Structures are given as structure tokens and as C-alpha cells.
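What follows is a short report on a single structure.
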């Protein structure tokens, strides 16, 4: 059942109003207005999202809301409309984007309170919300791509928000270029789909249309399309091989990291795969690639996170690792599990970033965990909310992370990827370890804070702590919508999404509770190790680092991937740009031509200017001669 | 329109328009131009373009030409008394004009000119038919024209407004006493 | 009805008179009047053809030409006035700045 | 041939009446001003003395009708030395001519039927008459402007400039007033407008335009008085500052022509006001077959007599409006020039536009049901 629902347009309208307001009036009307309008429009969009969600709930399963804004592209039989749609999948995403987005906007009021460029910040944030909503509300692939590029742009703008620092600007460019590589894959995937459908006489990129004409795809074409699109997803969602931009993206303001680089934008890839689940189901080998890359990325990033000392870097690698989990889920065919993890991850990772931001804010910009510690007393609210988030991400029941991670691991095991399941379980242990390491280093033990900073350290204002509390509640109980089947109300979440992304049916018999117990046990082991190393025997980590120096350095240098990319991609690129394109083509060929033309014109002009008397009647006379000539031409040559 | 009337109006038009370009005194030129415009307006009416004809008289002869008259007064332009230089331009201009008229006459007279005569209804040229065409087919052009007029008004005021301390403001007493009274 | 060639011939003659005036007269105002003559000559051709084709389009064009002429006269005369203020002349051959 | 003759007779009739009315107005004005200023007024010239012979008091009627024109036309026709002689001579006639030809479209009576022939009592029954009026009034500017310029006199030129600016400014208000009426009745034809004003509303109120377009009427009358350049709008010829303005250097017959123009314009404005707003030749409750008085009474009248009544009614109404204008002239002081322009551009033009807008809205919304 499809219902036309005009309020969908309003969901987009309010962030747009916010953008225009902050762009044109924000700086003029001052901080007070921006602080109200910036988050306010997102809260309104959130309310509208809840309305749409309630409407979906009230309708029979599998129904969707649709609203066509306008016809966008009319090229012969190729037709794309600027249409919005909400089904179960996008409803969940809209709630995540607007709900968490709204509280993060609110938090930003406090976080950016001392920044002069608050209007520009909120312009970008609202623009991001707009683009992200276009991405999730799009009813066709092309429009989704518009949102996809839009969030990429906002990500770039916000990473390089403090653009006067050249390193920050460089990191923004890095994110943008890594995404560009992925986007090329996305475009090629889209073209593949157009080519396949067009070959069969269907000229549309509408999700529904693609779904209806799945028969036109062979396994090969579907695999090609899926892999290309997944390349786009690896860029946007920071998976191997294009994950390198995300850790560097942490130079942006912390609310940006929370909203864009943890809760919403980076999950766009997962959303895209879930959205096109019917296509991926046609290509088992592509699914296998997705699941493998997800699992490997999860482990890989998790190991790097162990040794990082920058609080945001740890969280960034943790994000990459958790995104890997999500891809493991969707790659195993458990699409609902993947999206479920998107949701719970948005809660606890958004919260973690906001807590980290609160700590950084409280310590006046300090990000190094080795210079923290003992902050439990100074920042009680931050501590307790961060504790909840850490337990949630470490997958301890009954906090939300447990249920989603459990569902993903069950999916991996059930689809027969036993090796990937093992990796997932190990990663769960690593997750528990590094997250509690972070918590212990930050809030427990002796204070290692700069005395100067400690003197000013303070709990954040209510405008920042309220979002923390709200998100903490969500992180604690948010997982209860997806309990294991047969337990209390069971798996509401998967049942809700089932009409859109299908139901996961295990191919291998799963031992059920046993799996959960194993994963839980491993997580707890990781936590205990963290306790031993950082609370019980704080000297031990240095000893280990000294003894296993090679491994430690390898991890600290992030497996030398950045250096590797630098060598094979960046350096040759700079060389070509500088020596061939800049010196050769630009300076010599183009500039030479342009300047030569100019010099030639100047010389000839100096001669020709003598004919210019400046007397308008002379010009008119010449003009008249021209008219006579043209009329004569027609009269004696053409019309004769 | 009877042929006799057309001939009369045509002769008046040509003589008056020659008057525009041949007389020395700008006011006389202007008067000739007004006569030309009125004669053309009458030709319009004779050609069943009644409304356009009257508009020609109202807008062109009644308003635009008065503007010219004002400017002539304001600038206090007398008859052309300067040296009659540019004789070459005059000579060649005359020759070129003669060539152009020869060409145009060949161009516009049979056998080149082929127009199918179509009859038209009794209401042709009435204000109603003009309005129907104007407000349906040409509505966008009409609205744009209104904006053009607005811009022209603003532009004219902006251009002609005298800033403080401009040259003429100081020497106003000599050249344009009219301005002070107005 | 007057034969079309007569109308067109009249239009052509008035037009060329306007052209000649524009090129030979030195007074900017009279050049301006010559422009008006040319516009009217064209209007004459429009009206003559419209009346014979039986369409209102020609008349509408003439209407627009008049409107534009009004705008042009307003702005043009304002320009002439401000030129006169700055240069104290309305002679076209003394206003020879149109070469940069 | 007979049609041509009828046309000529109609033209001669209306011109004759207009000119005579204008001449009579001269006397009217003298005696009227005397009345207002508590004087006796013109009472000296008594050329034939027949008034006295009839035993009537000398009211100076003959004086102004005969003595004034005679005096003016026998004076020397003086032309200043450096004047542009041709245009100087042309000026008065350029001023008078457009006013007189405007009367051609004023309907001074209903169609009458004589000997099976319908005669429309309108000298030139053209169907774009309202536009014609605007065109002739627009052209009327040139006589004054060129006359004043050609005199080669500063005062005259100033008068001419003032007159021109004033006339083209108030033309707009006048045009807006006329257009509002045209929109109301949906026609440009004055005879049709007169016809539309026949009959009654509510059984007693004549369907005159003034009840539909009162604002338009005030605009037309005000703008019309400004067009005729008379007190309080007489800045172009204000005696006390510009001596006589644009006709300072005129004498004799030419000056008479200018003065005649003024009075003819008064008559014209009255005629237009009557035609547009007071039913033209319509007499209240008088239909083609007789009087239908409110309350149901009926008095039968011969149709031909009704037509003659109509002509008489038209002229009576015109004379009333001429009197009103003279009354205004002798009771109001002169404006300052900036006040005049302010009234024209900031008062009448916006009012006229608003009135036109409301009129158009009402007409569109009612779609001619009223």
C-alpha cells in the first residue's frame, strides 16, 4: 500500500529553512537566534519523522508513504522524479538522523558556545541534516546519490571547519578525495544498473521499479553492480580499503564526529546495501565480499584502536570496527541485524563522542588520554553516561549493544560463515578491552592532567549534559526492541523491517544461547584484561609495549597503511600534478597560448585602434554599410 | 482607407520626416516629428489598428515628444550654428542612405514581397482583440515590459538627479532659470 | 485597402530618412529623434503586414515598441542631460569617448 | 451625400454651441465674479441699446458677447522682434484646435429618428471615443508650449514650461478617471456609455455614473480644471508672478484664441463630466416613451420631444458644471507649484490607480452582472 503523504516534503523543508536562515541571517541576528533555529528545525523534522513513523505503524505491514516533489529528469524515456518515500527501513533511518541529530545540534549549542563562527557551523550542520534526509528519503538511486554527495560535501566542510589550520584543511581534503574514489564506484554501479535495466527496456532508477524488474539481472551483472556500489559504501562507511580518512576526520568539532562520523553519515553505506537488499541477494559472491570485508575491517580497526592514545582516534577506529560489524551483518543476509546495529551504534557511539567532547570541552581542548585520568569526580554526569555507553558497546546485557551485536553474530554463524563468526567474536573481546581502557584511562586512577587545565576542569553545562542523558537512556534500553525471539516480546525490530529487507533464515543450525554466551564471555575477558592492565597493574602496559616492540609499533603506525597509500597513490599524484599538469600543461601550453594570444591581440589592437575615432556617427556609418551589404547579399545572391 | 487619404498622409509623413532631419532649429525638428507621428497614427487607424493608432497619438505625440521638448528647453539648445564640418560624412551618408532605400524598395516591392491577403473580422484592431492577444499569448512579455518601465523610471531619476555640488548646480543661474522656478 | 507595397515603400522611405538623419546630424537630440523615426517606420511596416495577415501579433509588437520607446526616451534623455552637465555639449562629434 | 450633409450639420451644430457657450461663459464669469465679490460687474457697454429699449436692466450681456471680441480682433497683432514668427502664429490655433475637435465625439443627444433615418447626435460616432479624447487632450499641450517658447520671452517660456508640466501631469489622473469609467461600462463609446446610464436603481435612483464612480468623478473634474489652467491651477498664467505666462506676448485675435481655448476647455470638461457621470442627455426617469416617475406615475411624451428634451438637458447640465467651475475659480486661492505637483502625483494619480484597481476587481468578480 502506497499513500501520498505531503508531510514528507516538510521533513526536508525545515532543515532547508535552517540552512537559509543560518546562512543569510544567522551572523546578523546573533547567537541567540542561531541557537534556537539551528537545533529547532531539526527537532521539528524529528517530530514530523515521528508522525510519519506513527503513520507507518498504523498502516498494514509493508506499506509505504510517498510524496513526489517534482519531475526531475525527463530525457526521452528516461525518467527520474524528485520523489520521497518512507517505508519501514527509511522510517528507522529518519528517526535516527533527526532524533540523534536534534540532540547533537542541541549539544552543539553548548560545545560551540565559544566559537566565533557558530552561524557557519549550524549552516553546515543543517545542510548535512538536509542531505542525509534526502539520502534516506530518496525513492530512487539517483536522488540517493544527491544526498550521498551532499553528506560528503558537508563532511568535508565540517572536518575542515577550522580551515585556518592547514592540517585540518588537509584532512578535510583527504576525506573528500577518499570519498570521491568510492563515489566513482557508486556512479559506475548506478550506470551498470541503468545499462542492465535499459537493455531490458526499463528506464528508471526507482527502487520499486528495480525491485520489480529484478528478472533482468543475471548473477554476473548483479555481482558487478553490487560490488561497484559496495566500493561506494567502503568510501562513505570507511571500510577497507578506503577507511583511512575517518581517523583523520576527527579534527573536526566533536559534535560533527558524533553526528556525521559516528551516528549517521558513515552508516549510509549500510543503509544503501540494506536498501538494495533484493539486488544483493541475487549476488551471493558479492555478499560474501561484503561480509568478509566487514569482518576483516572490524578486527583490523579494533587492533589499531588498542594502542591509540588520542581519545577521539580510539573512538574513530572503534567506529570503523563497528561499521565492519554492520557490514558483516548485512553481508551475511541479516539486513535487519545490520540496521539494528546501525541504530544502537548511533545511540552509544554518538553518546561516546559527545562524552569525549564533554571531556575535551571540560579540559579546554585536551585530547590525549595519557594526560587525563581521575575525572570521575570532576565530571560525574559525563562519567556515568560514558560508562553506560561503554558497557553498551562492549555488548554486556541488557544494554543495547548486546542485542544488536548478538543478532549480527548469530547471522554470521547462521549463514555458514564460521570463520567470520570467529573474527567477530574476537573483535568483541578487543572491543571490550579498548573501550574499558579508554574509560579507565580517562576517569579512573591518578590524575595526569596538566595542573593548569585541571584547575579549570568543570562539568559541562546542562545544554550539553541533557543530550548525554537522553542518549544514555537510549543506549541503555534502545536494544530492547530487538530481543531474541521467544524472549518476552521477541524481535519487534526485525518483524517491523521484514517487509522491506526480508527475514533472515539461517542455513546452518545455530546453537542459540550458546553463541551469545561465548561472545559475552569473550567480551568480559577483554574487559577484565583492561582492568588488570590499567587499574590493577598500571605499569604492565609499558612492559608489554617494550617487550613486543615490533607489534606495538606496527599497531601504533596503523599497519603503515597511510604511508603505503602515500607511496603508491599520493606521491605519484603530486608528481603528475606538479610536473606534468602544472608546469607542462598549465604553465607552458595553456598559459603560453593565452598569453601569446593576448600579446598578439595587443599588438594588432595598437594598429587597429587608429580606426576608432570615438565618434558614434562614424560607427553608425560603418554599421549602415554592413546593413547594406547584408541586404545586398540576400537580394542579389540568396533571393535571386 | 481611401487611396486619396493615403497619398495625402504619405506625402505629409515624408515631408515632415524630411523636416526632422533638415531643419536647423531643434524645436522645429520636434514639431515636424510630432506631425510625422500624428500622420502615422492616422495611417494606423486607417489600417484598422484603431487602438494602436490612438495610443501612438497619446504616448508618442502626447508624452514622449513633450519629454523631448523639455530636454530641449532644459539644455537651452539653440539652432545649429557651429561649423558644418564632416562634409564627407554627410556626403557618404547621403550616398549610403540612397543605396539603402534603393535596396529596400527592391526588397519590399513585388515580386519579392509575397503576402497572402487574409480577411479579418469586424472586431480586428479593437481594444478587446488587442487585450485578448496581449493578456494571453504575450502576457509574459507584457509583464516584463512593465518591469522594464519601472526600471526605466528609476534609472532616469537616478541619472538625471543632480548630486550636491555638481557643476550645473553652481552655474544654474545662467543657463536654466526655468529649473529654479519649477 | 491600400496596396501593401505602398505601405512598405512608405515605411522604407521614412526608415532611410531616419538613418540619414542619425548619421548626418550632429545634435544628439536630433539623432535621437531620427531613431524615433526609424522605430515608427518599422511600426508602420508591422501594422501594414498585420492588417493584411489578419493577425493581432503585429499590433501587439507595435504596442511593445511604443512601450520600449517610452522607456528608451526616459533613460536616453536622462543620459543626455547628465552628459550635458558634465561636458556642456550635446554635439555628437565632441563626445568622442566611445573608443576605450 | 445626405449622410455627409447630416454629418456636417451635426459638426457645425456642436462647434457652434461649444463656441457660443464659451463666449457666453466670459460674461457669465464677469457677472459671477461680481456677484461673489459683491460688485456690480460689467455694465457699461451698450452697443445697440436694445436691452434698455426693452426696459431691462443693463447686465452687460451684449458687452461681453460683442464688444469684447470686437475689441480684441481690432487690436494690433503684435509679434516680438526675435520671436519665431511661424510658431508664434501657430501657437494659439494649435491650442484651440484639439479642444474643438474633441467635441466631435461628445454625444449631445440620443439617436433621433426623422423620416425613417436614424441620426446619432454625436458628430463623429467612433467606437474608441474615450481614447480619442485622451489623444486630443494630449496633443493640446503643444499650442501652449510652443506658443510660450516662440515668444522669446523668459516669462512666457516659464509659463509654457509650467503649463506643459502641469498638463501632462494631470493628463494621467484624467486618463485614469476615464479608464475607470470605461472599465465600469465595458465600452469606449461615449454614446453607449450614455445609454448605459439610462434607467433607475431601486426604483428611484438614476443609474448615473457618479453613483458608481464618485471618486472618478472628482478626479476627472479636478484634473480637468487643472488642464484648463484656471484658478486654483492657473500657475502658468499667474498674473502676479508671470504677468500672463505663456500668452504674455500675444495680443489681439491670437490672445482671443488663447482665452477662447480656456473657456472651450471649461465647456469640454463640463461636457465630459456630464457624459461620463451624469447621464449625458439622460433625464431622470424619462424613457423613450415618457416619464416613469418613482411611485408608478407615468406621463406619456412623444419620442421626438423626448429627444429634444435630451438635447436641452445635456446643455443645461453642461451649463451647471461650467457654473460650478467658475464658482471654484473665484473662491479658491492659487496653489504653489510644488503643491500642485504633489496633488497631481501623490494625490490624484495614486487615488486614480487605487480606484481603477478596485473597479477592475469588482468588474471581474461580478462579471458584468450589475
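As written, the chain order gives the labels A, B, C and D, with residue 1 at the start of each chain.
Throughout what follows, contacts are C-beta pairs under 8 Å (C-beta built on N, C-alpha and C of every residue); 3 or more make two chains touch, one makes a residue touch a chain.
This one's a predicted model, so the numbers in the text were calculated from it and none came from an experiment.
Trainee: With contacts defined as at the top, give the pair, B-D or A-B, that has more of them.
Mentor: Most contacts of the two pairs: B-D.
Trainee: With chain centres taken as the means of their Cα atoms, state the distance from subunit B to subunit D in Å.
Mentor: Chain centroid spacing, subunit B to subunit D, equals 30 Å.
Trainee: Just curious, how far off is subunit B from subunit A if you go by their C-alpha centres, in Å?
Mentor: The answer is 67 Å.
Trainee: What's the distance between the Cα centroids of subunit A and subunit D, rounded to whole Å?
Mentor: It comes to 81 Å between the two C-alpha centres.
Trainee: What's the distance between the Cα centroids of subunit C and subunit D, rounded to whole Å?
Mentor: Going by mean C-alpha positions, subunit C sits 35 Å from subunit D.
Trainee: On subunit A, where are the residues touching two or more other chains?
Mentor: 617, 621, 624, in rising order.
Trainee: Which residues does subunit D have that touch at least 2 chains other than itself?
Mentor: Answer for subunit D, listing residues that touch two or more other chains: there are none.
Trainee: Give me the residues of subunit C that touch two or more other chains.
Mentor: Residues 19, 23-24, 26, 93.
Trainee: Mind giving me all the chain pairs that touch?
Mentor: A-B, A-C, B-C, B-D
Trainee: Which part of subunit C faces subunit A closely enough to touch in the complex?
Mentor: 19, 22-24, 26, 31, 92-93, 95-99
Trainee: Hey, which residues of subunit B end up touching subunit C in the complex?
Mentor: It comes out as residues 1, 3, 6, 10, 13-14, 17-18, 20-21, 26, 29-30, 33, 36-37, 40, 43-44, 46-49, 51-52, 55-56, 59-60, 63-64, 67-68, 71-72, 74-75, 77, 80, 82, 85-86, 89-90, 93-94, 96-97, 100-101, 104-105, 108-110, 113, 115-120, 124-125, 129-130, 132-134, 137-138, 141, 145, 148-149, 151-153, 155-157, 159-160, 162, 166-168.
Trainee: Within their complex, state which residues of subunit C touch subunit B.
Mentor: Residues 1-2, 4-21, 23-27, 29-30, 32-34, 36-37, 40, 43-44, 47-54, 56-57, 59-60, 62-64, 66-75, 77-82, 84-86, 88, 90-91, 93.
Trainee: Residue numbers of subunit D touching subunit B in their complex, please.
Mentor: Its residues touching subunit B are 84, 87, 127-128, 131-132, 134-135, 137-139, 141-142, 145-146, 149, 154, 157-158, 161-162, 164-165, 168, 171, 175, 188, 337.
Trainee: Residue numbers of subunit A touching subunit C in their complex, please.
Mentor: My answer: residues 609, 612-617, 619-621, 624.
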